[in-house]
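All chains are identified by letter, namely A, B, C and D, in their written order; residue positions are counted from 1 within each chain.
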Amino acid sequence: MRLYEYEAKGLFRRHMLPVPNSVVVDENSLCELYKVIYPVVIKAQTFAGGRGKAGLVQFATQRGEAEEKIAGMLGKKHAGHTVDKVLVEAKVSVERELYLAVVVDRLEHRPMIIASQRGGMDIEEIARKEPDAILKYYLNPGADLHAFMARNIASGLGLSGVLLASGAHIINKLYDIFRGYDCKVAEINPLVICGGGTVYALDAKVDLDEDAMFRHPQLRELGIVARHEVGELTEREKIAKQAGIPYVDLDGDIGVFPGGAGFGIAAIDLIQHYGGRPANFMDSGGAPTQEKLRAMLSLLLDNPRVKAIFGARFGGISRCDDWAKAVVKYVVENRPQKPMIMRMAGNMEEQGRKILEQAKAENPELFSKIKVYAYDTPIEHVIEETIRAAQTQD
Amino acid sequence: MRLYEYEAKGLFRRHMLPVPNSVVVDENSLCELYKVIYPVVIKAQTFAGGRGKAGLVQFATQRGEAEEKIAGMLGKKHAGHTVDKVLVEAKVSVERELYLAVVVDRLEHRPMIIASQRGGMDIEEIARKEPDAILKYYLNPGADLHAFMARNIASGLGLSGVLLASGAHIINKLYDIFRGYDCKVAEINPLVICGGGTVYALDAKVDLDEDAMFRHPQLRELGIVARHEVGELTEREKIAKQAGIPYVDLDGDIGVFPGGAGFGIAAIDLIQHYGGRPANFMDSGGAPTQEKLRAMLSLLLDNPRVKAIFGARFGGISRCDDWAKAVVKYVVENRPQKPMIMRMAGNMEEQGRKILEQAKAENPELFSKIKVYAYDTPIEHVIEETIRAAQTQD
Amino acid sequence: MAIIVDKDIPTIVQGITGANASLHTRFMLQYGTKIVGGVTPGKSGQNVEGIPVYDTVQDCLAQHPEANVSSVWAPPRFAKDAILEAIEAGIKSIIVITERIPVHDMLYARHVAKSKGVMIIGGNTPGIISPGKALVGMLPKIAFQPGRIGTVARSGAVTYYIANSLNLADLGESTSVGLGGDPILGTNFEEILNLFDKDSETDAVVMAGEIGGVYEELAAPFISTMSKPVVAYITGKAAPQGKRLGHAGAIIEGSMGTAASKIDALEKNGAIIAETLSQIPALVKKALGGAR
Amino acid sequence: MAIIVDKDIPTIVQGITGANASLHTRFMLQYGTKIVGGVTPGKSGQNVEGIPVYDTVQDCLAQHPEANVSSVWAPPRFAKDAILEAIEAGIKSIIVITERIPVHDMLYARHVAKSKGVMIIGGNTPGIISPGKALVGMLPKIAFQPGRIGTVARSGAVTYYIANSLNLADLGESTSVGLGGDPILGTNFEEILNLFDKDSETDAVVMAGEIGGVYEELAAPFISTMSKPVVAYITGKAAPQGKRLGHAGAIIEGSMGTAASKIDALEKNGAIIAETLSQIPALVKKALGGAR
């Protein structure tokens, strides 16, 4: 879960990692601008790169100019995201720009510290242009970063004298944040050295492990809550999040009601492969409750864009009988008019099938648009039938 | 540095390790007694064992009785220590007594967790009577005690059901305290299980590493400051502590002004061996300042019991010239009348000797009772001469 | 002999008293898996489906020293500890059903396991099945039948659909391994492909990957050295960027982890690419020269 | 060749710019110790007595890869880090002058050192001298002269007085090792006795212990296996209970660590006990059969 620059810098400040003085403002809090000393840098808070080229990083030498430029940024769209906050930060005089990051290395399965004297560029760019200018330092999972290791890295960054100690301090603190907050990435680019030997984190990129948020309640104090890795949630995605359902809005017309996440991903591919357009990604998680299954169906059937539902349950940890029960209950209570073409197999399949058959016998009309295939029907057949049903609904 | 029971329990409470409700009172704070629920146990706060037999652990069922018994304890001498505080603690109904400790094992050079189902006895006693009833669990220095390890130990203590979790929790917390506060010993004996499955640390013994106190400023908040391993400081010892000088009062008449600690220990032995009585132990530490050397001489020469000074400087990290300079300055300024028999050799000896000779030439009278032997005089000779000088002073 | 699990391998269940674990303990026993004990701290003395429950793995192994496989069903925040407990007690293969284990926890557990020569499968694996012999995990038995195709996939349901497709085409599985959907896995594709390549009961392998991470790309060079054909099915071609699709690991971050990059790496190294599930059996048969 | 240090062994000084370290760097150089570099973080580019100063041990060893002995003079709170830095950089013998290093810090550094086959001497050692060859630490050269007696003691000054006594009796030292006065030591008596027993330049050993800890008792059984005589001098007979006497390790805790228990253990195992410093040379001579 990627943090905004201002959030990451808040975390840095909390842990004595030096950042320039700044305020975060939105359209209602421009009064806060009295707190900064000019000149300032104004940076739109958005995740996507290329802020500079899009005019989303600007300078101002006094308040009037700052307000004008902020007004120009707020509400702008950038890579699908509407700018609603800007970071207004004291401009510092930069002598050198360094690169520093701690990441989870997916190849080595270890934390890796990356340092380079070529700060300011993307690390991929440095890697391409000057691979030798990158210093990598691996640690075992759970290991301490001893002070001397941080000094070795600082020395490798060309720091000496008092800067050796400040650099090592920052490396230690960044690693503390990486470990202490379960980061996947904690990056400072650029780490700048200013006149007089002060050092600042001029930009900050922190990517948290959403699955470890439960042990960091202090993030909530900083106003940091779970969200997408990148970008904002749609209204439906927010509802799904509330209900604990991994859900992503897509722009098609076939509601996808799958079992697990892996087949959810496959289902989207298959629908496209056979010429259909999926309306969403969704995952029930292992062994969903009745409540959750009901919320999943609501998300799909309440979506006006959805014309037909493709459903699939291969019962593993999730049971067919639970699934069937939830479908029947939802249909009886909500009487949906959209066709639902589904397939059910696996654990507790027999019990599930009985539930469906009984419901159909009791309410043949209500279940007329609902089909539930079994083990011997290939899943692609079910998908193709759903696509046809959606087209017929037009 | 041994903590009082009430201090150790304060530390436990701070870290969610359950202890019975209690108050600590001295003669000025008996009003605090309204806070406890009767019946209570009253325990004199002193380090030495055998409190029970000495009448320093008593029970009371109501306040009047408690006050009476406390009055009887305060001011009592026990193993050289005057009782000035008592811990008044809610009496709990004990079903089982266990033993639990984390210690630095000096043989294995590792932290060791010791657990036994035979709580209430000294661990040495359990070891003697029932060695098989002791469970030992070693950890590597700096290693985490994972939750499962604590459960394994709790299970080894015969705990199951809800007690398994409470026991494991306490083991984890005790290890956290051991690591977090640089303990040499963190012991709970007995750890008691009460009716209803509650668990309490009924006694608490914590021995801190004095050399690591610098990184535990939070101990000061608990009112815990550096002192002797056992017992209280004498007035002179307090002055020495203020000046950063390791100093212990003994009951003889020869002031010992040695170089390092190791020879300080040897000097006491040698003085006794040759029939003298040392007045103190003292250590200059490595490379003492002029200030410190001056304070050391004051401690000895201001002590009315001291009749003669035995001095020795073998210059290693501590320099002879510094030592000679301090002696000369002290003598010139304070004009002591007591004989000082000393020996000086080692690094910067030549320079030191010049300083002494010049001072003697300028003030022959003042230095008439001061002798400084050199490398070729055995130290035993110097000691014997000091003993004779002390006897002559009588 | 099948890879990793087999009929005669004594197995334990960590977290056995949980609702899912106890239900699947019943299914596993029905399938013939030799479960000797279960562990839930504080629940010793109980039993689940006739299997005795212990407080610790250590206590369990004191009674059943022969056990050397465990399945872990503990909640995510306790999964690391459960895995470490199993390692310390001497378990050699740990099948981690738990999903969404924190990344740092899994890195640590994986590090300890590797240093002690212990195999972790998962997290977020549906388990492993050697049809007709043993099932460890929660895979539905109906999806599988004995045969000579090895399968390995990140996703549970995809594992079932692949076996389902194979079975409908009269192929069966030697062993089906769920690699797991979490971002950090105890065992990767290459390690399982290697086991299948050496397995005398396996003729060909189907591997199914998905967007996110680099495990598929990392395995690609090994495929070129294998003696057996590999049919690869990669999902997530239609996935949007930067959004996690259910599995903690299933996210495209920048140019990394796209379906295209995975398919490209695998194809280059000789894997046969399947576009849909139903293509898989035909491609397998073709690779085996139509002999079966 | 002398034990541990020698004339030709390249040595570095950690914390070299400190007042004591720089003074003793001069003394060591005057004595002939081959110091090739010094380390103080933030002070690179300076020099002390002509010796170049580096920011890190790693930087120092990049320029002087042959160095394999270091003396550590860092303040107590930084000592652990300095030792770990030396180990990681590849130093094989680390002489720790720093005194009063926290117990947990030293346990950790010692553990890492042992696991990597690195020797730590100290903390709170005056150092090591092989008279006429090399001096690492702060021992005063006047106290020592070349000879064939090995000495090992917990205390610095006691080391000097023993050598002083030996020299006044026309004996000299092969090597004198300060074991250190801290409670947790990197190297114990037994390890040094073993080196002396194997050393062709040593005929007899004088060991001096003191109250506190169990290092003396632990070494006792080894003495009975040695081919060379050991004269032992234990101080603290007159020490009060429960009070730390200067050295962090010098404290009698309960019945543990008393002079009597140490003397008893040593005597039982064949060590010759000296009551005073001046008895030592005579006892050594007697043990050597008056041959020297």
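As a convention for this text, a contact is a pair of C-beta atoms (placed from the backbone, for glycine too) under 8 Å apart; a residue touches a chain by one contact, two chains touch by 3 or more.
None of these values were measured; they are calculated from a predicted model.
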If you tally the C-beta contacts for B-D and for B-C, which one comes out higher?
B-D
Whole-Å distance, C-alpha centre of chain A to that of chain C, is 26
For chain A paired with chain D, centre-to-centre distance based on mean C-alpha positions, whole Å
58
Touching two or more other chains in chain A are residues 142
Can you list every residue of chain D that touches 2 or more other chains, as numbers and ranges?
none
Think of each chain as a node with edges to the chains it touches; is that a line, ring, star, complete or other?
ring
Chain pairs satisfying touch are A-C, A-D, B-C, B-D
Using the touch rule from the top, collect the residues of chain C that touch chain B in their complex.
41-42, 44-45, 55-59, 78, 81-82, 84-85, 88
Sites on chain B touched by chain C in the complex:
146-149, 151-152, 155, 160-162, 164-165, 168
Note: in the complex, chain A contacts chain C through residues 104, 106-107, 109-111, 124, 140-142, 179, 182, 184, 209-212, 214-215, 228-231, 246, 248, 250, 258-266, 268-273, 278, 281-283, 285-287, 312, 314-317, 319, 345-347, 349, 375-376, 378-380
Looking at the complex, which residues from chain D come into contact with chain B?
19-20, 23-24, 27, 76-77, 97, 99-105, 107-108, 110-111, 126, 138-140, 142-143, 153-158, 160-161, 164-165, 168, 181, 183-184, 210-211, 213-214, 218, 235-248, 250-251, 253, 259, 275-278
